[in-house]
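So, here come the structures, one by one.
After this come two complexes, each holding chain A, first together with chain B and then together with chain C.
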Partner chain A sequence: MGLVKRAEHRAAPSRPHIRKYGRDLQGLLAQLHDDQAKARRWAARDLAAHTEAVSALCERLQVEPDPTVREAIFGSLLTIGTEAVAEGLIPLLRGEDAGLRNGAVEILQQLPDAVGHRIAALLADSDPDVRIFAVDILQDLAHPDAPAWMLAVVEADEHVNVVTTAIDRLAEVGTPEMVPAIQAVKDRFPNEPFVGFAVDTALKRILGNG
Partner chain B sequence: MGRALIVDDAVTVRMYHRQILEGAGFEVDEAENGVEALERALVVPYDLLLVDVNMPKMDGYTFLKEVRSTPELRAIPAIMISTEAERRDREQAYRAGANLYLVKPVRPEALALRATLMTARGESR
Partner chain C sequence: MGHSGVARESVPEIRVTDAEFERFRDYFYRKTGIRFEDSKRYFVDKRLIQRMRQVGHEGFREYFAFVRFQASGKEFQELVNLMTVNETYFFREEYQLKCMVNALMGEVLHHKRSGETVRIWSVPCSTGEEPYSIALYLLEFWDRIDEVDVEIVASDIDTQALEKARAGVFSRRSVSHLPPWILKKYFEPLAGGYHRLCDDLRASVDFRRVNLCDPRDTRGMRDFDVIFCRNLLIYFDEASQRRAAETLYDALNPGGFVLLGHSESMSRITSLFKVRRFEDAIVYQKPL
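Now for the complex of A and B:
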């Protein structure tokens, strides 16, 4: 057993393994596909200095099995924070991986300049789940129009889960002038008990009674 | 009746489900995401988990996989409740370890009945 352990130890020294790659963009991109998660994690972190790496980072996210590497990739994408990052992350909202979807939402929330002009298209998407993610993004998006966009969802969206998600978020940031629009939702979904509950709860919180 | 843990990042949804389960006789605790829920479940003996899919920090699928791979938690009945009505979402929920998948918004009487039946017969994986 001892010999086997020593042999394994010799076979997988971490630092020299990582050093086989160059520290330039091409070296880091190659390292991003290394067999060892530790090497991929270091590459993901160092690629934060390279705006050209956005598409490679977003592509890697979709196949990366290690959560710590995913976290490093999301961190680097946030650091880069360009339009390309928003463009690369938005398609993840349609994916089947809930962890990736939620990670993408958390990063997009922190990129108001890159996301702001894309919100209208997301809120008009034919998939109600994408519209819900758009409302989730708006919830923590530091953009002056965020409350107005959520109010527009409350007034116009036809899907009960999209509307109630927006009502839930407006309960925290809504203002008294939004009350009539929120109240009117009850009439649009008269047979949904949750809608009545969500409206009443939001109104109490907005008006300071809840 | 038993003790239930509601795992959902939406405050209104947690309040709504709490009202329903308390009306059915459950004691109810809440968690905002899978990480917080796992921490709670490891110290409180729950009879039922009510789990959303999309949450920050740890999503519902990952949370349920963790529950099913943890010996002291794996027998707890779990209902996954999501906005996603597609068949693939339902299948993903059952693969992760859900005993039942419901689509939001749930009817109060339906949730109360299913929760009561699942805990009464000790449904588990």
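Now for the complex of A and C:
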């Protein structure tokens, strides 16, 4: 008993196991649908090395019940980080599952190159919820145009929830030049008491006296 | 700092351009998870140039190709050894060691069959102070060490740091937080303020090179009960942090614990772990 000495350490701590799947792309894709969550997680993680796996990973996300497997899938998609990843994740923003939506937003925020040229379309989506998620993505997108895009939402979007979300986020990143545009929102939604509050809070933060 | 001084001998001047720096930065990041900010440019250039001189390459392009395509990967390892920050010392963030003996070990044993070994992983271990501190703490401050087998594995990406760890010779600064009686009991004083750890303790840590971002290295690292992963994630960007968190999760037994450095937080990275607040420290637990 006590501290085990180096020479006594077993060489391979984990017991050998019979391989049910190959570790190549085909084997991993099959394993992504195994009954055991642990096996699916390993497959999801190893698929990070295969850019071709993006659509399979995104499809699996929609039906995957286990949160630890979902995390692994999101992690691998982030590592792959291609245009196809943005394309595969954007549809999740329309889904009902809040966990998936938030996961998608988090990953998209970290793919400025792939997301940048898709933002305009998202901000023009007919579903105001999708537009709100687009604003959420912008909030943490390392893209030089992000503040300008948010300002455009403030100036032009017709849905009050989208506009107040954008104002709320601009409170963090807005600059004094944006003040008139934010101020003007009060006139656009005169019957929404919450708008006045959101505008005032944001202005205080931006002008530094809040 | 300019280069206007008159060179005494004609050492050909080597420069790294912005584009070359970017290329190197991306490659290094992909391989190690470590991302250099622009502010680290001088630090990186200096070390690149030092290696180019040593191996006799005058241009970056040629050197970079050599690094990337060398079959043994030796030159890349040299760069890793130069670029990593190895800062560490004995009993660093001691409250976590306290937490280990006061709370974590007890919980771990609770879920084990009697006679089963407890496994602890220190990653990154740098020059060894952390895993040896764990060993010292268990020997001196854990009352059940005589009833239980504990195995300590320690890993780092830096092979030179691992060599030092195995050799077990430490500077005065590195041992300055140790109580004098521990120093006396387990170390032999050497010239120049150095101290050598006794053989018995050196033999109780198993050092292995592991790149935490390389699945080929980490796949074999399984069945741990406690992982110390301190002061590494701060050098990683979000994507690497996530992958590292996944790796730690997979390396743990259910109910196992991860301890991070004091400025690091798992909650910002992933929801895989449960946050546990013990008297001495906040620890992350893989759900049972």
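Definition applied: the second predicted complex is superposed on the first by the 192 of 210 C-alpha atoms of A that agree within 3 Å, B and C clash if a C-alpha of one lies under 4 Å from a C-alpha of the other, contacts with A are read in each partner's own complex, and residues count from 1 in each chain.
Going forward, contacts are C-beta pairs under 8 Å (C-beta built on N, C-alpha and C of every residue); 3 or more make two chains touch, one makes a residue touch a chain.
Values in this document were obtained by computation on a predicted structure and should not be read as measured data.
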item	value
Which superposed partner A:136 touches (first chain B, second chain C, both, neither)	first
Contacts of A:183 with chain B and chain C, given as first, second, both or neither	neither
Partner chain in contact with A:41 - chain B first, chain C second, else both or neither	second
Touching partner for A:81 - first (chain B), second (chain C), both, neither	second
Partner chain in contact with A:51 - chain B first, chain C second, else both or neither	neither
Touched partner set for A:202, first chain B, second chain C, both or neither	first
Which of chain B and chain C A:175 touches, first, second, both or neither	neither
Interface residues, chain A side, partner chain B - complex	96, 98-99, 101-102, 105-106, 128-129, 132-133, 136, 160-161, 164-165, 167-168, 171-172, 192-195, 197-198, 201-202
Chain C residues touching chain A - in the complex, by the definition given at the top	117, 119, 135, 138-139, 145-153, 201, 203-206, 215, 220-223, 238-239, 242-243, 246, 249-250, 270-272
In the complex, chain B residues that touch chain A	10-13, 15-16, 19, 53-62, 83-84, 88, 92, 104-108
Interface residues, chain A side, partner chain C - complex	1-7, 9, 12-14, 41-42, 45-46, 48-49, 67-68, 71-72, 74-75, 78-79, 81, 110
